[in-house]
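Here the structure is laid out as structure tokens; the discussion comes afterwards.
For reference, chains read A, B, C and D in written order, and residue numbers begin at 1 within each chain.
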Amino acid sequence: MVRVGVLGGRGYTAGELLRLLVRHPEVEVTAVVSRKELGEPISQVHPWLRGQLDLPLTQSNNVQLAGQCDCVFSCLPHTASAEAVGELLKLGVRVIDFSADFRLNDLETYEHWYQVKHPVPQLVGQTVYGLPELFRDEIRSANLVANPGCFPTTAILALTPLILADLIQSEGIIVDSKSGVSGAGRQADEAYSFCEVNEATSAYKIGKHRHMPEMEQIITRASQRATQILFTPHLVPMNRGILSTIYANPNPGTTLETWTECLTEFYRAEPFVDVVSHLPKTSEVVGTNRCVISVSRSRGRVVIVSCIDNLLKGASGAAVQNFNLMYGFPETTALG
Amino acid sequence: MVRVGVLGGRGYTAGELLRLLVRHPEVEVTAVVSRKELGEPISQVHPWLRGQLDLPLTQSNNVQLAGQCDCVFSCLPHTASAEAVGELLKLGVRVIDFSADFRLNDLETYEHWYQVKHPVPQLVGQTVYGLPELFRDEIRSANLVANPGCFPTTAILALTPLILADLIQSEGIIVDSKSGVSGAGRQADEAYSFCEVNEATSAYKIGKHRHMPEMEQIITRASQRATQILFTPHLVPMNRGILSTIYANPNPGTTLETWTECLTEFYRAEPFVDVVSHLPKTSEVVGTNRCVISVSRSRGRVVIVSCIDNLLKGASGAAVQNFNLMYGFPETTALG
Amino acid sequence: MVRVGVLGGRGYTAGELLRLLVRHPEVEVTAVVSRKELGEPISQVHPWLRGQLDLPLTQSNNVQLAGQCDCVFSCLPHTASAEAVGELLKLGVRVIDFSADFRLNDLETYEHWYQVKHPVPQLVGQTVYGLPELFRDEIRSANLVANPGCFPTTAILALTPLILADLIQSEGIIVDSKSGVSGAGRQADEAYSFCEVNEATSAYKIGKHRHMPEMEQIITRASQRATQILFTPHLVPMNRGILSTIYANPNPGTTLETWTECLTEFYRAEPFVDVVSHLPKTSEVVGTNRCVISVSRSRGRVVIVSCIDNLLKGASGAAVQNFNLMYGFPETTALG
Amino acid sequence: MVRVGVLGGRGYTAGELLRLLVRHPEVEVTAVVSRKELGEPISQVHPWLRGQLDLPLTQSNNVQLAGQCDCVFSCLPHTASAEAVGELLKLGVRVIDFSADFRLNDLETYEHWYQVKHPVPQLVGQTVYGLPELFRDEIRSANLVANPGCFPTTAILALTPLILADLIQSEGIIVDSKSGVSGAGRQADEAYSFCEVNEATSAYKIGKHRHMPEMEQIITRASQRATQILFTPHLVPMNRGILSTIYANPNPGTTLETWTECLTEFYRAEPFVDVVSHLPKTSEVVGTNRCVISVSRSRGRVVIVSCIDNLLKGASGAAVQNFNLMYGFPETTALG
């Protein structure tokens, strides 16, 4: 049994993570840390855990945590997460970090886009990006895995094989994403109150969203082609799910068939990526750890639809998939 | 032209009120007061006002307001509202108060249910309850009208005629109400965030909601029968609309036909109450100032469904209806 | 391994049932029958099954089915279900029937409320009502289990212990239920189209819903007290979940504490019924096989809130719970 | 008073149209035609009309209609609409046609995209496209106005001024649109049932939607530049509203400021187009006849967000705006 702890236990990603972990036959959850509702059972915050996990929420104390846990999942916000991660690694704990602190290659890009000083700059560039479909081997032996962002997961999985195979151009790509509201996390914010979000769709942070450089860097890292992406996120009135519509320019001589075949082959053995011939709905993947991808052609362009459950393949499902790799369990354990 | 001011201008009820007032041919909106976004145009908060009302939000100053306005609508929360109302009345301004501060008959009930000291106790019991269907004449000459609560509007309109006519018992009544989320107002509160409310229904404040004594007191006042009501509000994932399902014990010898005829007759000349023979949906009344009522019989009981748009007949529409009466305009002006 | 078949495989309850069955370690799904999309893989209809269950949909043929299956779950509509069930039983197949055909005690009530001739009248009154919390022993040895209706599950679980213990009166009960839309099944009907249901709440079939006699008969059967219930269902804009608000008259000398203690004790050992002290939301139980019950007191009445996921504890979860009992598997298998 | 008739009166666009027309001081609605619910009052279908318009639904009879109406709004589907329109024009009635039958320039494109024979081919290419912001003068004197499609309205208003001013390239444009469900019309279709659409986002008809050639033809007509557009529509779980995110390549030397200024100037005097500096939500325009446009720059591209209420500026509001022009009424009558 691997003893597991969770930092930031009240959030939606932590809730889904714990839902998966209590089903995992090789996991014992030994600590759930939170700033709020200290001492209350975690099942009060995430009621579906009642009777399965009633641990009281505890205060952050990394030394104590290191005594209780072999592996920690950090669902803390950026910078707060890096601080905890740095200490836990030193104490010999393996970490899966949900924040963006260790996803980018270089300090400069991080500090430019996040507008903060990085708390443990020495670790930046050393870590593994936790997308098993591209970095499976590195994940197996990693002590620190940077769990991918939700939007980047849809884009990186859809684009990397096509760029690697020189079927599409790596510049001039547009990713137009539609996300459910849980992506914004659990919070008291008028902008995310029901009446503001319900019966409304909006674009936000055009050209300013931090997942844009993440997409570019990871695809560049995986494909060795300098990749440039214009990313526009939208908020849609649903709890869960992301659908990204991706527009790219094909290389000459390529066709819908070659694009489709490339993706189908690349993911043939993958348990959690499906290349399909219909146009998928987000509801097909909600509640699963799958990414479903469909390719079309229109007006001479490649149009790819890629969708996931932002809380599972876009966060907690991916984290458990990474955990399974790190500890040598079958990759689909607790995710079936 | 009546010069009109609005206190608490950022809220949802104020937004709907201003939507109606800019259409009113006899109204000039001269001031909109708010604590937040001072100096910004009100049309930034309520975008449908753009080009029609771009007044900047101003700070509260009752003396100045009295110079600018003949009539003020207060959308402030309780106690804050009473304080402003007391001062404005002294300054000669007529007031329509959306808060509960002047709805109850007696100080003791108010202070028990609201758990506060009333700021202007001398006015309690002196004011008119702004339900035109029951108190039209008093409203015409009132300087202060207590605009009804949203849930009470559904219950009082459905029950009063039947109690007055001795067709049903005034005790043992149950009002089970389902409300859209705008009833909770515009606020940053985790409990009303999209993901908490969407795909969820819940009961709240069973036996503790402040609209329970309001229903009882007003029906008692209008019918002269001591009325007792068990009230259970529920939150339903929609922006607007209230549907109340009301259970009462019939008096002997009465039938579905006599109940229906009583309500039909009582509201025959009313422009905003419809007694219908089908079971209504809230979407029928959303966007209108109507209350739609339907009567059924089951297992020997009277079952009444009564529904309104909580922001219109349950708040701002009723307020404009009261305003029209106070100033002698046709009652349906700006409400058609 | 038990070989299992499903009739009516395209519906929402069948979809949830299959989601559970593919996780069940002792089940092999050998046939899924449907009138539509014959020959297509069931995973095309319920995409979360992709890669886990890709059986083609087959035409109804009871003899063939009896050769393939030890147990059949029928998700067919009433009368169609009874016909299939009658034949399958004769062929030695055990059946869990989701329809209402075998829930009621007597033919007369069935034919009055359903306005049809019963296709296999000789079986009426012989069958077991599949609510394990009340009829566990009978279920174990049954060849035909009548799976409970969704609304009745909330009411029967909340009321039966209190009536059995003589804490509340068995007459004069009101059950006011709010249901998500999946309760209406998968169908092309303007009344259930998105724009008709979204942003709307409505009551329907007041005094006429077929779950009313089901509630009364089963509580009467379990408690030996003649029970009378006024039942009002409502449609609420969400996919899943039922919340029933139940009003009953307490017997003299009883208190909130005695009611709560009675329910708590009754369900102490039950894995799927929680008696809680807060007011639950449907979202707490959606995705689980739980019924969550909370008791309050107001205006001298007992007010009980009882909620379930209509597709799980209200249909497919209950069915798997019954299946586990029938085959001697741990009752929570595939439901944890 | 202009005597007005409506064909296809049960639909959502007809409902909104009638909501506007009953408020119009110069309109008398004299006939509402429908295939279903014949003889029932139109207010039964659209309950907000109760007491304001209770005309019975009548069968289609163009001769009779020509006797009752000066102007007819056709909300019929394509081809059915063209047939009626052809006859009504001959009978001297002016027509505003909501269908696509007369929007395209040439028969070939129409018959290719709609896969039908056009019933009155001689009228194709003769008609006026009812977008007042571009074709106001032609509309004034037209006997037949082709009311624009909802998606095209967002794209044409956003793009035409920039193409006309040579600020952006007229090829390589992408329009990624997100629509509420009322755009699909009122219908019994499993695909548009609540549970299929709620909590789901999907792309549909990539490269195959009929509004793609409409966008291209009208922008080409208005700008005299051959325009090519890749259009991807998406379905989003809300009743009303369209938000289009539009990507275009700027011409050299142009900037965010020049694009914004161009649009601002072009629409300065327009009552129903707002160029704003924030990123708008669809809820800002729902219930209004406005198109709100916002321009951004990212990764060297022009990114425009354009949103409307699909039932108003995208259908019935535009139709009344056209009607006002055709009859010389102030353009904003009934639309304020």
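Going forward, contacts are C-beta pairs under 8 Å (C-beta built on N, C-alpha and C of every residue); 3 or more make two chains touch, one makes a residue touch a chain.
Please read all numbers here as calculations on a predicted model, not as lab measurements.
Relative to chain A, the chain whose mean Cα position lies farthest away is B.
Compared on C-beta pairs in contact, C-D and A-C come out with C-D as the pair having more.
With each centre defined as the average position of its C-alpha atoms, the distance from chain B to chain C rounds to 40 Å. Per-chain Cα centroids separate chain C from chain D by 46 Å. Chain C has its Cα centroid 37 Å from the Cα centroid of chain A. Listed for chain B are residues 196, 198-199, 237-239, 280, each touching two or more other chains.
Of all residues in chain C, those touching chain B in their complex are 174, 176, 178, 180, 196, 198-204, 206-207, 228-232, 234, 236-241, 243, 245, 247, 279-283, 286, 296-299, 301, 303, 305.
Remark: chain A residues 12, 181-182, 186-190, 192-199, 237-239 touch chain B in the complex. Note for the complex: chain D touches chain B at residues 23, 47-48, 50-52, 199, 271, 274, 280, 284-285, 287-288, 290, 292, 336.
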